[in-house]
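Structures are listed in the sections that come next.
Two complexes follow with chain A in common, the first pairing it with chain B and the second with chain C.
Then we have the complex of A and B:
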């Protein structure tokens, strides 16, 4: 079967190369049939890649250890779900997933747009083909998932931290996000090559960008929850380079989704939007490079590999070529309209963009710093949590405030009188919340207090927008269905507020305690008392599970029991920490208990943490998804209007 | 092994057929040029975008006024400009 996988990948490489080269020739010489043929090559590449993926999946499920990849990432003791998730648990499999998602996106984008915008698609196909050819080449020549060996009796198993239900969804969602950003990039470059700098490419890619952005956002929150429940250190985001690698393209895509509205409504920022799609796609490639090259130390970089130089070279070529193309087409991208006022909706979008991009670039600097310092000084220096936390406060808090200001300001310009009227209620709510929090003793953390006050302002402005909008439209259903993007966007803003509340609460107002305990001894953390009762050993399907039993008290009242411990995996010869989490819904806080070290005599070094409001972060994920679905929901009236607009030139 | 080879051959043949399909469907054609808007088409497109932008701005202005985001004075002042823009795009399209 490995031969079939290898052959399918070679076919996929050939088809992607054909799509790139024949597509370029067809677009340049305006050859319709050849352009269609190149587009079909992308569809066929999807088929060939799907066959290769089916071969690998079948080998993983059957535990066919003659496949080196299968032997390195599974064992016969590994449950079926995790045998499937091993597909993206290693480098070669995840590159295959990249190619599969890329060809699927490419094929769908071609099918949906080639009738309505044949000239644009003709130039987009070679861009998609060239990117697919790069990944297919890596899979054929550098990191094949179909390398074979004499089958050992047992496989090495899967990294224990990947043996978690979240791993079934988190990596594929991130890949849907990373790879999804290829579509706006390819259409943007296609539009420049075709000299079509109208909004057709934005219309073609609007939903793709939103979908990729949603997948990336939900994927990151799932990853944060995975880190929280599985990695066993009591946190959910550590500014790890690979975590940052997913955050950066999301921030760039967020900036793009906002600035694209200015282009649609005012015909401005055409160059900026092109630069943002290049940045978002370049960062998604950089993210894959960081995860898979092993160039930086990260809990997510599971391999050291030889693909790093190939990736770096490809990123350089992509960025240099696309920037050169933007520069070449600058005369076509000049806007005829200008910003009329610094106090207008488009101005707040612009400030939002500047802050998002500045935040994104400071994170990029933090991630790249170890690599650059190693190149320059010969030793790797890293920037730590204080660096990132400083910039999170510096850029994040103004961004939070802008989320509340933006919806209250009119397009083009706003007078002071109308601003005063619209700001009155949200600002009043924010001041009242701030005063109340200080009175309740929350003034111990200035950033926390500011975050909550700003959050109250944003929520106030969102509620006001819905109330006034509903009054004007007649009903909330009519209001949302008439402008899904705007009101779905407000729901997403509410999700970001929940996220800010969760992050501020759990980081600024949390408490922790560490102690070495014998059975019968106790420790305190926050307002909780923990009594260590006993230690037990249970044999699981592929591991030995050691658990401490602890009673949790609040004052003298017994609240219940928690069971923190460790799992020792037989095949993998690795140990994982299994944190116990007790959620108090009434207080909206989590009590987390970690066993740092378990001695043979039963003595345990415990670490306990209280995380106020941490569950708001997970709730934010649900609200974010809901808001994204509203914005993504098709609007038949809008689609008819756009179809008639873009049908005109073809007939003219 | 034989089964794998057979599947591989089928995949390769299907891929070739799919890629060649535009030429199989139309072995010879008088018009093989890619459809694209000409200069006039591009101008029409630009005007359509301007018209839609102006009409959307009018709608937005109306809504912002009704929700109290824009004062009566600003509304009256902006309305004329938006209407002129929409009318000029509509005239040019005719």
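Then we have the complex of A and C:
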């Protein structure tokens, strides 16, 4: 079986190389049939990669330990779902998944666009082929998932902290996002190579970018929820390099999604869009490099491996080649129109882009800081949480404000007087909310207060947009279905507001306390008092579960009980804290209780945290997904309109 | 295309300048924390982030009595005694790689409370 997998990968490498080389030759010399054949090679590469993936999957499911990969990532006791998740649990499998997703995206993008934009696709195929060839090469020569050995009786199993349903969704979604950014990149480069620098490539890739961006966003929020519920330190994001690795391409893609609208509407920012798509793709490669090379210290310690230098080389080649290409085609990228006023829709999009990119680059600076300081000072330094929090506030709060302003400003040029009229309602709402919050005592944190006031302003302007639009269109369904991208976008904006409310609430207005308690003693946290009643030991299927029983009081009223504790796993000889979470929907806050240390005599060091509004973050995930689906939903009328606008002249 | 007086260029230039200004401001206040291994520790008096492998015996419970252990270079023999208070991660034990912030006081690394981090034992790979 392993031979079949190896052979399939070699075939896949050959096909990808053919797609790259023959595709390049065909596009250069305008050989239509050869170009078609290169495109078909990409489709066939998907087939070959799928065969290889099926081989690995079946080996995982059958626990065939003669595969080194299977033996080191599963065991016979591992449930089926987690055996499957071992596909992306290790490096070789992740690379195979990358290649599979890449060829699938590539094949679909080629099939969907080869009729309507043959000249563009002819140049996109070699780009996709070259990227696929790199991954196939790694899988064939450097990190093969099909290495074999004499089968041991038992495999190494999967780390208990990964045996979690989130493991089934979080990594694959991130992969869908990372790899998905290849499609707009390949089309962008294809457009440059083909000298088609109009908006056709943006139309062809818009939904791909949106899809990848949605997957990346939802994947990250799932990861944050996983961390919050399972890791048990009461937080959800730690600015760890591996987390940042997913956030950076998402921010770059967010900037790209906004700036393409300017190019579509006004033909501006062509160079900028190319740079953004290069940045987004480069960062997704960099993220993979970061997690796989061990150059940066992270609490997520992945296996250090041999693919690091290959990746670094590939990133350098990709960035250098694509920047050279942009530079070479600069004369074709001159925009026909220019910014007419600093108070206009275009200008707000521009500010939004600058802030997003600035934020993205400061994170990149923070992630690379240990490497850079090592090079400059000969001693590695890290930047911590304060650095990132500072920039989150500095760039995040203006971004939040812009989200409310942008949609209400007119294209081209807006007069200040009309702006005053438009913003009367949202600004009024924001001021009222701000005053109310100060009265309620939210002034204890000024970033928090600013975030809430801005959030009210954005929500006010979104509601205003929906009201105005509905009045004009007749009904809200009419309105949304006629302009899915716009109104879906507003729903996504509302999700970002919820996210901001959740982050600000849980970080700026939270409280915590830790105390050593004997049974019968109590502690206070926020407006709660907690009484430690008793300790119990329960033997689970593969662990010993120790739980404290605590009564939760608010004033004199008993609200309920929580059971924080620890599990000791026998086989893995590992202890894991089981944080108790009590969600109070009425007060919109979570009470988290952690047992820091349990002494044999029953004394416990408790840590209790109150996290106001933290559930808004998860709610934001749902709304975000909903809004993205609206924007992604196929729209035949719009497709026809755009296709005819960018149709080729008669000769094609 | 007219080159002079393009507001887009102006905005970009101004924003870049503003970002740089904020950046310089920030780095002048805060800056980074050096991250070192035990062998690099001598000669550093300020707060550093120390990384390495835990060497037993581990004593104390980090609450009433300080948690005491030695930290050794990841690949080396130099080591330093460490005292720590606060939350001890589940994965902490002798042999694990950890990171902790603090400073050297009279030959002992005194850690800041609640800064101890363990690295997951090769999260996505076999040990």
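Going forward, the second predicted complex is superposed on the first by the 602 of 652 C-alpha atoms of A that agree within 3 Å, B and C clash if a C-alpha of one lies under 4 Å from a C-alpha of the other, contacts with A are read in each partner's own complex, and residues count from 1 in each chain.
Throughout what follows, a residue touches a chain if its C-beta (ideal position, glycine included) is under 8 Å from a C-beta of that chain, and two chains touch if they have at least 3 such contacts.
Remember, predicted model here, so these are calculated numbers, not experimental data.
For the composite obtained by superposing both complexes on chain A, the positions of chain B and chain C are free of clash and fit together. Using the contact criterion defined above for the overlaid structures, shared-chain residue A:266 touches chain B, although it does not reach chain C. Of the two partner chains, chain C is the only one touched by A:380; chain B is not.
Look at A:36: by the touch rule set out above, it reaches chain B but stays clear of chain C. Contact with neither chain B nor chain C is seen for A:425 once the two complexes are overlaid on the shared chain. Once chain A of one complex is fitted onto chain A of the other, the partner contacts of A:351 are limited to chain C, with no touch recorded for chain B.
For the combined model, the angle formed at the CA centre of chain A by lines to the CA centres of chain B and chain C equals 140 degrees after rounding to the nearest 10. When the two complexes are overlaid on their common chain A, residue A:211 makes contact with neither chain B nor chain C. Superposing the two structures on chain A brings chain B to within 17 Å of chain C, judged by their nearest Cα atoms.
The contact surfaces that chain B and chain C form on chain A in the two complexes do not overlap at any residue. Within the complex formed with chain C, the chain A residues making contact are 72-73, 89-91, 94, 156, 159, 161-162, 232-233, 268, 297-303, 334-335, 338-342, 347, 350-351, 354, 358, 362, 369-370, 373, 379-384, 386-387, 390-391, 394, 516, 566, 574-577, 594, 596-597, 599, 605, 607.
Here chain C touches chain A in the complex through residues 1-2, 6-8, 11-12, 15, 19, 22-23, 26, 30-36, 40, 49, 51, 61-64, 87-88, 90-91, 97, 99, 117-127, going by the rule given at the top.
On chain B, the positions that touch chain A within their shared complex are 1, 4-5, 7-8, 11-12, 14-15, 18-23, 26, 29, 31-38, 40-42, 44-46, 48-50, 52-53, 56-57, 60-61, 63-64, 66-71, 73-74, 78.
On chain A, the positions that touch chain B within their shared complex are 1, 3-4, 7-8, 11, 15, 18, 26-27, 30-37, 40-41, 43-45, 47-48, 51, 118-119, 122, 194, 196, 198-200, 264-267, 408-415, 417-418, 421-422, 465, 468-469, 471-472, 641, 645-646, 648-650, 652.
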